[in-house]
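Chain lettering (A, B and C) follows the sequence in which the chains are written, and residue indices restart at 1 in each chain.
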Amino acid sequence: MIDIQFLGLVNATLQAATLLFIAALGELIAEKSGVLNLGVEGMISIGAVSGFITAINTENLFLSIIVGIVSASLFSSIHAFVTVILKQDQTVSGLILTILGLSLSSLIGKKYVGKKLNTKLEGVFDIENPSNILEIILAQNIIFYIAIILMIVTAFVLKRTMFGRRIEAIGEDLKSADSMGLKIGKTQFIATCVGGAFAGLSGVYLTLSYVPYWTDGMTSGRGWIALALVIFGGWKPYRTAFGALLFGFLEALGPRLQTYGFEMSPYIVKITPYVITILVLIVLTILKNGNTGAPKNIGIPFFRENR
Amino acid sequence: MKNPILEAKGISKSFGNIKALDDVDFFLEKGIIHGLLGENGAGKSSLMNILSGIYIPEKGTLTINGQLIKRLNPDLASSYGIGMVHQEFRLIDSFSIKDNLTLSKSNIYQNDFSEAFSKYSDIFALNLNAMTPVSELSVGEKQKVEIMKLIFHNSSIMLLDEPTAVLTPQETVQLKESLETLSQEDEKTIVLITHKLKEIKDFTETIYVMKNGKMVAKDLDTKTVSDTQLIELMMGEVKTSKFDKNNFKGDTKLEAVDISFTNEQNIKTLQNVSLEIKSGEVLGVAGVSGNGQVELANIICGIIKDFEGRVIVKTKDVTGKGVKSRKKLNLSYIPENRLGVGLAPGVSVLDNSAIKEYFQASFGPHLSKNVLLNSLNDLINKFSIKAPDVKAEISTLSGGNMQKLLMGRELISNPDVIIAAQPTRGLDVSAVDSIHNLIIDQRDKGSAILLISEDLDELFKLSDRLIVMYEGKVITEIETELATVENIGLAMAGINE
Amino acid sequence: MNKFLLSKKLYRNELATFYSFLIGFLIAIIVGSIILLIQSKNPFDVFSLMLKLSIGSLNSLSNSLNKAIPLILAGLGIAIINSVKLWNIGAEGQIFFGAIALNFVYINTSIENSYLYIFLLLASGFIGGSVCILLPALSKVLFGVNEIITTLLTNYIVFGLTIYLINGVWKDPNSLNFPAAAYVSESVYLPTVFGKLSSGFLICILFTLIAYYIKDKSVFGYEMRIAGGSALTAIYAGISAKQKAFIAMLIGGGFAGLAGAIELLSQTHRVSTGISQGFGYTAIIVAAITGMRPLGIFLVGSLFGALAIGGSVIQTIGVSSYISDIIQATTLFGALIAQFFFSYEIKRVKDD
């Protein structure tokens, strides 16, 4: 007999992990192509608000998912335009993308604050009261399964296909990739927008499933944890998924600590994921001796005639 | 010219206010090895970068196989069959040899990779597994993979930019054989870019000569053209100085005793190296780069502190001490990597001019800009540096002026010891000549000079004694008068007779 | 051959950053107008109201400049840290931590002389900001941990800590609905200069000059520039890049901490969530848009302060205050686009 609290913890872990993982995977793809996009938080927010508004107005969840993905992807194209086409600083552009995304989504979502969604993404399999881990997994909604598929596909494409190797070649060494005739601008632009689309999906998951309402700043730093996850996962999809589960577990565990007999202020519990993220990053960087496995030419704008 | 496979006419290209190419014509004939000769900075690399679509010319036409080319980028160039091996290799270190050979869309051996790989491995005498990461390859092996990459990309025109610069004389002979096989059996059109006379005579059938961004001679027959003719074309009127070696040598100023060093990758890059230089003496260090020269220089200058052995500057033991201890003893270091080590990119000319002695312009925490400006003006006048705007980034200077600024900065204090690594690499003839004069001036003022160079002409011209480094060891030490190019070349390849 | 040719300009116009800012601001106003039009508001009316209510009177002008203080101070801190090519995304947290440190010292000390006390409290704010960036700074220089992520995550930690304190040990029993710490005594309020303008603005001017001096006129600034330009050059020159980075981060964090202290002593008078309303993030825009120049940060910070006041007052006519945030962010994007045209030359090449 597995106790019900434990199952609740597993369920919450999976959900928190799904949210973080999809965004992290998108960022991983962009970074593999050499584009650092610090705008993840803003892109998730745009995806979350646009998906939520569509859901409220149409009650069509499929359409909402699509709108969330597309709008976040379009939003990320600002970063692609400024950094890939106009070759401006990726750090600055990404930071501003976050600030713009947060304020823009607050503006758009103002009228919808506090409204509750009538529909919510249901589990793929109809399981009333899950009683074991398998049933918990089966009871997850469609985006959870999409995340798993995306993980497998991304890992396969990056490692095993010419297309993926070419993306990686660009992020590793711009000049060599250029001499191979690879289309650097186009690839980076697309990879950035794909990263945005993934962040949008993560945002939709946030408002359609994880916490089915909209409020300002509800992304609460998850975009930044996703960025940390990419480093944690060493730019590898499966390891990033493992990291997402770990961080998801911590996020899920916090509010439940009391039920396991730990007395802790709920305010302190809330900050533990951030503290742990920093500590994990530090430990990881020490273990790997500063070499985290980042693509070597990440963050460098490509201009062919640079001497 | 019978039936050119490639015709470039009237090509011009500038970088900022520097005219790299001025109305250049160039023709290539199928299945032949062409030589493109010229001093460093003559425009050879710029021309090659245009043919391979990396630079876009401001003027000129390009015809390939009789077809006028309207647009060119590396991708298109490769589809026209043009491929280039750059001086800095374009290989992705973390990828396998196979990935590097096959990732391009123009790779023609997608399905029969292993057959093709073993065939060309034979031609190039390359004995490696295709899955080996490129980072594990030696410089010579990397170059072979680079040339093989062109074959895999189905390049019929192969542009090789200074391929022999990183090779030992023996490896050079091997390269010659491979290239001959390629031109004869596969009908590859090859361009060999070099500033070395001997190689262009050995390798090629026809020679083009560039000088100061212009093509000064076209389609010379290698068999009939004479060395003096080529030198005149290449150097023009510039007279290079000849230096006498009757210099007075004084007390020992620099001593390195039994130095050994193991780097972070746990490779022993220096083994029991000892040397001694007297006041007024130039000690030349020959060797293919990567044989411990950089490490030796960094140890002497205090950048690397964790090593075995001792360093003594002017009778003072500075072993284990840092860069500042050497500065106090008036030791100057002109590092091999001009922009990136000696000079900080992205920082102004003024700031860069003060790196050695900025603390002399400091009053407590305050840094006097006026003092810095005055010293810079001194430098500019004394070393005739052309710096239009001292507040602009250092990269607005030409390579020659950058090096003069660096040399001037390090030499103006009349140092007792000078370590100069590759001081003339990549500079044009007149800049090289003025740098050589600076070094000899300084020798006559009594400095002890360690000159690290790959340019044998330079070493023979300036040094009183020569040592050759190979795999971290000094394998030959000889008075320059007694040395010959042949025995130094053999020693560079590790053969010590 | 090719129709268009892109080449890097060797020399950039000295005023390129300034022009880029103007162009960016213009683009942002246009974007803002479009958003207002979509919400069926007349942009002209809205903007003129914003202008009137932000600089139209002595009172509103002093409000705007008060708002500019944290933007400028945090922006200067970011600029100092960027001299060694590092990013401080943690100014928001440092502002809060400056206020927390101030309150901690205030609770545990008592000094008769109020000027001396104010000085002590401001100093503790500065030190608080430094303490707040200590972990990111140490982990950066010792192990090379990415400072962007660590400084950013610190914001969430400090914000959580603030909420913990004002709901727990520091909770003012008199503040029933709104969790906040107890007010500080009126004797340590920063005096006003004229109108509502806080003397904190004078401190702000002083620190602008200090930052300018550090960056442009001091030996330390010079060493930071070399270390930021190339780590290898720094090693070659015998400059410890890590030491410069560490000190720069502590100073930069201190500037933001001071902003929090001034905000507490002149505006909120107690620790609450209102100590900063995203000032630390806006400061990033302010610093980046000026190319990290202290005097530019002072000017743009003042403008953005006015914009923030304008943004908050137009809420009364039913326009979202987020419009000013969007204008600020879009200004920087517009400026980046303009920068491109100042750094690259697009030539049209004729076919022969």
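The rule is short, and it goes like this: a residue touches a chain if its C-beta (ideal position, glycine included) is under 8 Å from a C-beta of that chain, and two chains touch if they have at least 3 such contacts.
What you see is a predicted model; the values in this text were computed from it and never measured.
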Inset, instruction - With chains as vertices and touches as edges, which is it: line, ring, star, complete or other? - result: complete
Inset, instruction - Return the chain whose centre of C-alpha atoms lies at maximal distance from the corresponding centre of chain C. - result: B
Legend entry - Interchain centroid distance [CA atoms averaged], chain A/chain C, Å: 28
Inset, instruction - Return the distance between the CA-based centres of chain A and chain B, expressed in whole Å. - result: 46
Inset, instruction - Find the geometric centre of each of chain B and chain C from their Cα atoms only, then give the gap between the two centres in Å, rounded to an integer. - result: 46
Legend entry - Residues within chain C bordering two or more other chains: 7
Inset, instruction - At least two other chains touched by the same residue of chain B: list those residues. - result: 15, 56
Inset, instruction - Check each residue of chain A and list the ones that touch at least two other chains. - result: 305
Legend entry - Footprint of chain C on chain B - complex, ascending: 10, 15-17, 56-62, 69-72, 301-303, 322-324, 327, 333, 335, 337, 340-347, 351, 354-356, 358-359, 362, 365-367, 369, 389, 392, 396
Legend entry - Complex contacts: residues of chain A adjacent to chain B: 162, 165-166, 169, 172-173, 175-183, 296, 304-305, 307
Legend entry - Residue ranges of chain B in contact with chain A within the complex: 15, 52, 54-56, 73-75, 78-79, 84, 86, 88-95, 99-100, 102-106, 153
Legend entry - Complex interface listing, chain C residues touching chain B: 1-2, 5, 7, 9-11, 217-222, 225-226, 228-230, 232-238, 347, 349, 351-352
Inset, instruction - Name, in rising order, each residue of chain C that touches chain A in their complex. - result: 6-8, 35, 87, 89, 135-136, 139, 143-146, 148-150, 152-157, 160-161, 163-164, 167-168, 281-282, 284-285, 288, 320, 322-323, 325-326, 328-330, 332-333, 336-337, 339-340, 343-344
